[in-house]
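Next up, some structures in structure tokens.
Across the two complexes that follow, chain A remains constant while its partner is chain B and subsequently chain C.
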Partner chain A sequence: MLKDMMPHFDLYQPDTLEAALDLAARLGEDGWLVGGGQDSFDWLKNRTRRTSAVIDLSGIAALRGVRVRDAGIEIGALTTLTEIEDDAVIRSRYSLLASAAGRVASPQIRNAGTLGGNLCQDTRCWYYRGGVDCYRAGGNMCYADTPEGQNREHAIFNASRCVAVTPSDTANALVALDAQMVIAGRSGERVVPAAAFFVGPDIDIRRMTVIEPGEILTAVRIPATWSGAQFHFEKVADRTTWDFALVSVAAAFRMEGEVIRDARIVCGAVACVPWRVTAVERALVGATRNAATADKVAQLATGGARALNFNQFKLPLMENLIRRAIRGA
Partner chain B sequence: MSDLTVDAAAEARRLSRREFIKRVIASGAVASSASFVMGGLAGCAPARRQVSGAVERLVSINVNGQLRRVDVLPQETLAMTLRYKLGLTGTKLGCDRAECGACTVMIDGTTYYACSTLTHGVRGRKVVTVEGLRGPDGELHPVQQAFVDELGPQCGFCTPGQVVAAVALLQKNPKPSREEARHAMSGNLCRCGAYDNYLNAIMRAAGNLTEIHHGA
Partner chain C sequence: MAQHNDRILRHAGIDRLFHWLMAAIMTVLLVTSLLPVIGVHFAWYTIHWVAGLLLTAVILLHIVRALFWQRPATMLTLNGDDLAGRRAGKYTLPQKLMHLAWTVAVLVAIVTGLLLLRKAGVPFLARDPYARPLAIWGFLTLLHDLAALLSVFLILVHVYFGILPEKRAYLRAMVRGWIARGDLKAEHDLERVDRGD
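Right after this comes the complex of A and B.
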């Protein structure tokens, strides 16, 4: 493995959003946006990607921190994962997100890594990251979905030529919390629901989010809807540190006494986007949150799943994680 | 051969290789070291025209309480600056991919992987490396002494990063449980597998002697 300098790039360190947007507009696809850089620098060190310019957003103080807004909260995109894990308001009202942030990578990466970066990072498919000319890289085949392809980590839902999965832990929690993504561009701001922010290969095989060149994810808003609900987050990975999920589940339950009035079940690492398990969500409305309910509805989760050669295990794993989420592990 | 090279060769005969390399790096041979250490492999362009709005290369950074003036490439990581321009070779480069923790340093009291931190991003902040932990008379930091007393290191390569992570932990949480320490140290790999020795050392440094577990 190379231990030398990254290839040259011009480095810009704007301290206001306006300056960053001007740079992003001027540089277009040549301007690589960096939050904490924990994923970006690997791409550049490996020479799988090159860029002539990096826009380091970490000096923009206005994009950091957690603010109470309307009845919910707004989290600046540059807030680090450690800050989210430790934030008193998030821990008391949306602990699902704090749990998810606390399970990302390693302590040092959480100290540097930002919420925006965790949401916008590229997929971990190693064929793609290895620089092969797969569909996602603009080529005309998928190396993971072949008889010999090593696809233990890949998708069981919604594959469309590409079988890569979402790597983000916080994304699943935010979809479960009905969060809104605030995206700034030079012509103004647009707000996109978390569920529509992530893009599958059936929509656009070349990217993971709706962000266009020149745009910047500035904040995430979480409405009051799920404040103080019952939550469960669990992530299974080969290693408890650093590793990305094999399957994860982010679940939220709004209760009326013992009865579930509404539920969100979102799984990570089973599709290219955070995967809402709506069949289970619907079956939970009006049910009691206990083991019997869990056993009855968990099997609905994998309806329509299509396993690859080496990821058959994800079906029972996903069902079991959802079972544990419903009964409260 | 230039005079500098002749002198250097003569000096090299008197010094150990390790000392020699550290002195050359620290001696201010910075202008040439950039191309000497990094140029060949990286193919990085020589000083380029400054693009408007991009960072200046000559910066001052606060390392171990000293303000150090140094010429930093835009794409340079803190680990590269510390090791190859400031002579602070206690910070190790293991994976260079934010996956091992050998390069762990403190910036404003928080741990980061120096291999994945741009040097230009630490201007105005306080960097502490393993070299900055020793006392005014050169005595070991209590955490370092505890690492020695508990036979923490085996091969020792990951030790500087482990020490820095442990010091940062004890600054935030002076009396961690063994489990809290395990969690806080989980970003530092040890390929010798000396994790229990390191945890014992942290428990010793924290004065939590009942949490020291020696093998059966």
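Right after this comes the complex of A and C.
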């Protein structure tokens, strides 16, 4: 078997959403959607996943770009991460998302990778990516949570048989901004809050989002609620570029003078879904955004966490990132 | 309608409690494990293993009670009378066979379920999927799932016969405790019943 060479598949390149939905409905599980291909091509070239058909969405102009809508914005799912990082409206009103998009992978990957693909990408658990027959792949075993399993990158919250984490940086920012995901299917459109879009292994061990075969994520809407709020995004990885988070934090603060009126604290790479730290969020309401508050509430973040053999470091790392987010680094 | 003094106690309160507790827990176990298989996704796993541990406890209590406070032979032995088709003691042949099938399904589910906890992971036990070879885990999973399938089949049969009009007296006995002698006459030998056979 030749690795690193693209295997054979039928390539469909629809230029309208309707045509793409028809194809997706017709091909069902056999129609692999591709935005920028930065996650998909890994699977296919490594032969760890196979498909007989690929539906390339990148030619659908209507799914690209940032539009102002109902005092908020709507971002087409095929908009690239570079376009999001550089967009003037996003930078001025929702800089949290621009910062998160700017910390994804490398410039080359951000040029090709789309927002939809970044949100729908599969987990990076290396046992799973290596093609072992684990729970997530349909088997009946987890290789990461074993006495010898290499689980430094894995979950400290909400693990249920599978301990994989979400790899997406933009997902955490979008949950913090109370975004809504617009999902189209042949029978119509449904709009799902970002927090309900991601699926943990307790609910479904085989998938990462609520998207069903035949459906396409068409856009992400961000309401005006957090427009112009104070933001903080920080990500710790082994390398500062071209690497997935070990822990990241996306934080938003709506202020009234010095006092926090409302807050969102969402951590990445600590659970299979973007992890809202509601205990800290609640404790922040009515508090002053300073170092004293940060020291007082940060330790609430890890209540209920369960470390694996090699990822105990994530607990203090998470607390410290939240501390830095609250005091403004 | 039978006279009040014709009633005999068929199931003591504690046994009726065990029966309905087991029924409720079995329902929870089946619903939590099988709904996700047919596409209804929810956080099933924790509810499932907690219910599994509860079932284990209730079954253990049932076994202890049956061994020391009741006559296990009443339910467990298939004697000559049963096989010759003569009238039954406390339980008819189909009732004994149904109990036997439930015993197999539930004991297999419990033993395999408890062993699988070590692989699937629970908060109170160090998770160690390497404790057994992969093939053994596969085999345990297969047995567990077969026990689940058998349970679905048994529930259908058990509930069907339970609600048949001519079997209603047995259902009432499992709710209220008593059964009328008149209701037993057709299939049971009252002398054997009185002997506790």
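As a working rule, the second predicted complex is superposed on the first by the 325 of 329 C-alpha atoms of A that agree within 3 Å, B and C clash if a C-alpha of one lies under 4 Å from a C-alpha of the other, contacts with A are read in each partner's own complex, and residues count from 1 in each chain.
FYI, a contact is a pair of C-beta atoms (placed from the backbone, for glycine too) under 8 Å apart; a residue touches a chain by one contact, two chains touch by 3 or more.
In this text the structure is predicted, and so the values were computed from the model without any measurement.
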Which superposed partner A:Leu23 touches (first chain B, second chain C, both, neither): first
Which superposed partner A:Ile109 touches (first chain B, second chain C, both, neither): first
Chain A residues touched by each partner, larger count belonging to chain B or chain C: B
Touched partner set for A:Arg161, first chain B, second chain C, both or neither: second
First (chain B), second (chain C), both or neither touched by A:His8: first
Partner chain(s) touched by A:Lys296 [first = chain B, second = chain C, both, neither]: neither
Partner chain in contact with A:Arg276 - chain B first, chain C second, else both or neither: neither
Chain C residues within the chain A interface of the complex: 36, 41-46, 119-121, 123, 126-130, 134, 137-138, 141
Residue ranges of chain A touching chain C (in the complex, touch as defined): 140-143, 145-148, 159-161, 199-200, 202-204, 306
Residue numbers on chain B that touch chain A, as the complex places them: 38, 41-45, 48, 51, 53-55, 73-77, 80, 93, 95-99, 101, 104, 110-113, 116-118, 120-121, 165, 183-184, 186-187
Of chain A, residues touching chain B in the complex: 1-13, 23, 37-38, 41-42, 44-45, 53-54, 56, 58-59, 82, 105-109, 111-112, 240-242
